[in-house]
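So, here come the structures, one by one.
Next come two complexes, and both contain chain A; in the first it sits with chain B, in the second with chain C.
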Partner chain A sequence: MELFAQFLANGLVSGTFYALSALGLTLVFGLMRLVNFAHGDLYMVGGLLGWAATSQLGLGFFSALALVVLMLAAAGWLVDRFCISRLRDQGEEPGILFTIGLSIFLANTALLVVGSTPHQVPAPVPNEPLLLGPVVVTKARLFAVAVCAAAITLAHLMIQKTRLGKAMRATFQDPLAARLAGINTERIYASTFALGAALAGTAGMLLGSIYVAQATIGGLVSLKAFVVVILGGMGSFAGAILGGLLLGVAESLWGGYVSTGTVDIIGFLLVILILLVRPYGLFSRRAERA
Partner chain B sequence: MRAITTTTAVWVTALMAALPTAALAQKEPVRIGVIQPLTGSVAYNGTSDVNGSRLAVEERNRKGGVLGRMVELVIEDGQCKPANSVNAAEKLIQKDKVTVISGAFCSSSTMAVMPVVEKNRIPLVTGVSSMAGLTERGNRWFFRATETDALLAQSFAKILVNNLKLKTIAYIGVNDDWGRGGVSEFSKQIEALGGKTVLKEYFDHGTTDFYTLLTRLRANQPDGIFVAAETQDGSLLVKQLKELGVQSKVFGVGSWATNDFVKLAGAAAEGIYAAVPYAATMDTPRNRGFVSVYQSKHSEFPGKYAAAGYNAINIIMDAIERAGSTDAEKIRDALAKTDYEGPNGHFRFDPKGQAYGFTVVLVQLKAGVPQVVSSTTVETH
Partner chain C sequence: MKCIEGRALLAFVAAGALFAVAVGDEYLLHLCVLVMVYTILATSLNLIVGYVGEFPLGHVAFFGIGAYAAALLSVKAGWPVWATLPAAASLAALAGFGIGAITLRLQGPFFVIVTLAFAEVLRLIAGNWVSFTNGPMGIAGIPHPAFVDLGGFISGKRGFALIGLALAAVSLFAAYRFVYSNAGRAAVTIRENRYVAQSVGIQPWRYALFAFVIAASTAGLAGAFYAHYLSFVGPEVFGFSFTASMIIMVLLGGKGTLTGPVIGAVAVTVLEEYLRETKELRLTLFGLAVMGVVLFAPTGVVGALHRRLARLAR
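Right after this comes the complex of A and B.
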């Protein structure tokens, strides 16, 4: 029972991390119909920028995080205005090719500039173990979970409550009607990609303080994010969170009671099951997008 | 489409920057091919190997190269994947016309390259691939200038059981041929000496969260934990061990006695044992020279893989010099007669192409510095 509690706690913590890592991907897909294969590399850029800002420039964790969010949002905006906007309404293939290219470009630029050495973002709270009954977590992990929850809540509020968020949802439901209603959809698309990039960067920097930031991790992060997004339903906000937690707990229990060497199987087993039973994911909003 | 063209252009530029600047010599340079993982989860270690290789070539070229010609490295990214490594080998042989190949890091990749060099009659030297079976395949073009898991396990099992007094041991390895090989060899040798195995588990390259695995390990309360992992995976694992409050003695194989490992693992690195074929603190005149040159170039101590690259390329260049020509058959025969003094001892090859005579050490990390606890010479069995 004690072991089970620890496994569950481990799974919920890594599940929260998965959820934040996948959020940007699902937003960009849901609102822009763009499958962003460069998502994991934006995460990686966020981690490395966070490391550079804290260890090299000497900024505090939160000012560095603000800087990372701003820089990635700006980069996301520019990428959309100058590149993705030209591929809009030309089917899915150009977008897929572009993001794969962007992924290769980002990973190799990072290799060239920073090299392949893994780096650690200094955590703002000590990494001491904390005993909650039989369960061990560290302060740094609890802190990261709290920041994840805050970032998810902020993104949620932004989409549900602000004018920009309303315009995003309107564009998501029907781009033509949104344009007719006077929404500048080009600006909405750019903001969405900027938001997706900023969320990826936040996850990258935050998890760089728990794990490591490294030029070559993009592919793995993208892979897990895709699993989460397919579980929850492409484009669904709540689905990404639920999918993340589901994946985290499933991996933890599989690793705990079966074997850790085969833990990556479980994610894909879940994906196959979901595709068989609910092909649009647990929380698909497909119905809304008539 | 424009974006894709730009990407390609940057790729090409990046690749060209990665190639060594061509040595300026009138005569055609002697080309040596290098296949290492420069991207992917062991990219960091592959890059160290390339740094060591380059250093060996620079030193030799400053002294006039080999056969009166400059030496040029042609470096390819094998990604530690068998298919990519085979492509790299084919390219090095067909297009670049290299004389000898050094590579390909992961044992599975080296194994895939071995038939290619045999078919094309090109000698292949590895300074890294440690899977015991490689030298048992009867491939006369293949030489291994490093230890095997079995040799390392044989050399250290006694010290671990008798000196560190480990009775119950948990084994954790990265989920590939090397990790599984290390776990099976060490557990076999330690069990023969009376050490009890309480857990054997594997994790995938690039795993970041080890809490689940370590939770199971903690429930078993072993005296010692054996870990076969590389820098990035190993440092995270060791940190999380300490976070979970596990007190067992940790010893491992892989690139543990390196600066980056210590930097990443922080305080958690203190007191860890590592069985390594090389440590920057080894006290030989040859090593002091190597360390000071490497340090001035890369402002860090050389690790296991930097030394591996340095040794492999030096052994190759020595053999070319002794062969007196770039004829593959002659170089192969010269390689078989290798008698090379490296930073970590003396290298010779047995008839199967397995190196012996060099030193391996057990180090303990103290205040971030790997202190040599005991050392032993590898003899072939």
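Right after this comes the complex of A and C.
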């Protein structure tokens, strides 16, 4: 039973990390109908930039995080304005192909610049174990969970409470009506992609202090994020969080009780099973348009 | 259109045969073998992307199933090559039926990702089920077809190039017959407008599944051929890099045409080899090239040619 509690706690911790890593993907998909295959590589760029800013330039953790967020948001804005804007209203394929190209480009450029060695972002709190009743969590992980929760809450407030967020939701519901109401939808799309990139970068840097930041990590992160987003329902904010926790707990229990070598398989099996029963994800309503 | 495409494909097969017979250089023949493998794969993917209009991101699953089927049947059961190739194609078709029956109920991004999930599950199984697939070490010592090792004119790489050409011809013929059949036209109707297709009595799921099974079996054939050529398979045959190459070839050449994927396969294989000179920069440039094509030539080479021809005709 104590072992179970420990597995559950581990699962919830990594589930929170998964939720944050998938948030940018689900936002970009939900608001722009763009399946972003470069999401994991933006995460990777965030991690490597965070590593460069902290251990090479000597910035503090939070100022480095702010720098990463700004740089990725700017990059996301530019990519959307100059490239993705040309592909809008052409269906999904051009977007998928473009982001696959972007992903190949980012991963290999990073490989050229920093090589394939894993780097660690120094965590601002020591990596000491902390006893919470029957379970053990390290302080660094607890800190990362807190930052994750803060980032998720901030993103949520931004979408629900600000003017920009309201415009984003309006554009999501009906782009034409949003334009008629005087919303500059092109600006909204660019901001959404910038927000998605910034969230990916935040996740990359934060988790670079728990796991590693490495040039080749993007593909795996993208796959996991897709699993989370499908589990929760594409475009659903709460779904991404629940999907992340579900994946984290499932992986942790599978690794604990079945086998550690095949942990990655459980997410894909869950996706296949869930799509068989609920073809649009666990928490999303069926939306079909002619 | 039918006439032109058929002749273009015949010309490609003839040119391939001439190339394989006339060229003696081992490296060029190796490129010829790769072009043939990718021609089959791109043609196979194009049946789904170009004619059914869905986007499978896990098409490599069937390539891998074919490769592993050929490897296991020839190494563990001792089957000869002429038996493993059709067996691998049939197994891949069977898998295509199973996976297609599940995934084709979904559309759009859900289809994209659930097909990817199947390919990843297979890759993980191939890498972890050590007693059956030998895990990450892969299966080595897959026999060549007997005549390739005899040492006559059609031995070695030239023999493989000719087998590859024959298999490519079979796949192209299958694709050609499908596209210009009633089933092919039904698939195009589904691609153009699902609701109209249903209203005239076409069941989208059934026709899409038919195309999916044909595509799966030809991809399996390519996998089996690849396994015999390299005489080794590992879990990498389920890797995303094959999928990415296939997608780039189909979209660069022009989806929804039979000649497009062939042009794409030749162009991308040659481009990749050409960029090999730039070593580390290769994949970076490749990524840029993909983005450039999507932004500036969205209908591919064949689409651009069509437009040019239409302008000339006016």
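One rule holds for everything that comes next: the second predicted complex is superposed on the first by the 284 of 290 C-alpha atoms of A that agree within 3 Å, B and C clash if a C-alpha of one lies under 4 Å from a C-alpha of the other, contacts with A are read in each partner's own complex, and residues count from 1 in each chain.
Definition applied: contacts are C-beta pairs under 8 Å (C-beta built on N, C-alpha and C of every residue); 3 or more make two chains touch, one makes a residue touch a chain.
Everything numeric here is computed off the predicted structure, so don't read it as measured data.
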Partner chain(s) touched by A:261 [first = chain B, second = chain C, both, neither]: both
Contacts of A:83 with chain B and chain C, given as first, second, both or neither: both
Touching partner for A:60 - first (chain B), second (chain C), both, neither: neither
Partner chain in contact with A:234 - chain B first, chain C second, else both or neither: second
Partner chain(s) touched by A:101 [first = chain B, second = chain C, both, neither]: both
First, second, both or neither for A:269, with chain B first and chain C second: second
Partner chain(s) touched by A:134 [first = chain B, second = chain C, both, neither]: neither
Where chain A meets both chain C and chain B, residue numbers: 83, 86, 94, 97-98, 101-102, 104-105, 107-109, 111-112, 261, 264
Chain A to chain B touching residues, read off their complex: 3, 6-7, 10-11, 13-14, 83, 86, 94, 97-98, 101-102, 104-105, 107-109, 111-112, 115-118, 120, 127, 129, 136, 138, 207, 210-212, 214-217, 220, 251-252, 255-256, 259-261, 263-264
Interface residues, chain C side, partner chain A - complex: 49, 55, 57, 102, 105-106, 108-110, 112-114, 116-118, 120-121, 124-125, 128, 195, 240, 244, 247-248, 251, 280-284, 286-291, 293-295, 298
Interfacial residue positions of chain B with respect to chain A in the complex: 1-4, 6-7, 10-11, 14, 17, 38-41, 43-44, 46-47, 175, 201-204, 206, 208-209, 211-213, 215-216, 219, 231-232, 235-236, 239, 243-245, 260, 263-264
Chain A residues within the chain C interface of the complex: 29, 35, 83, 86-87, 90, 92-94, 96-98, 100-109, 111-112, 219, 223, 226-227, 230, 234, 261-262, 264-265, 268-269, 271-272, 275-276, 279-280, 290
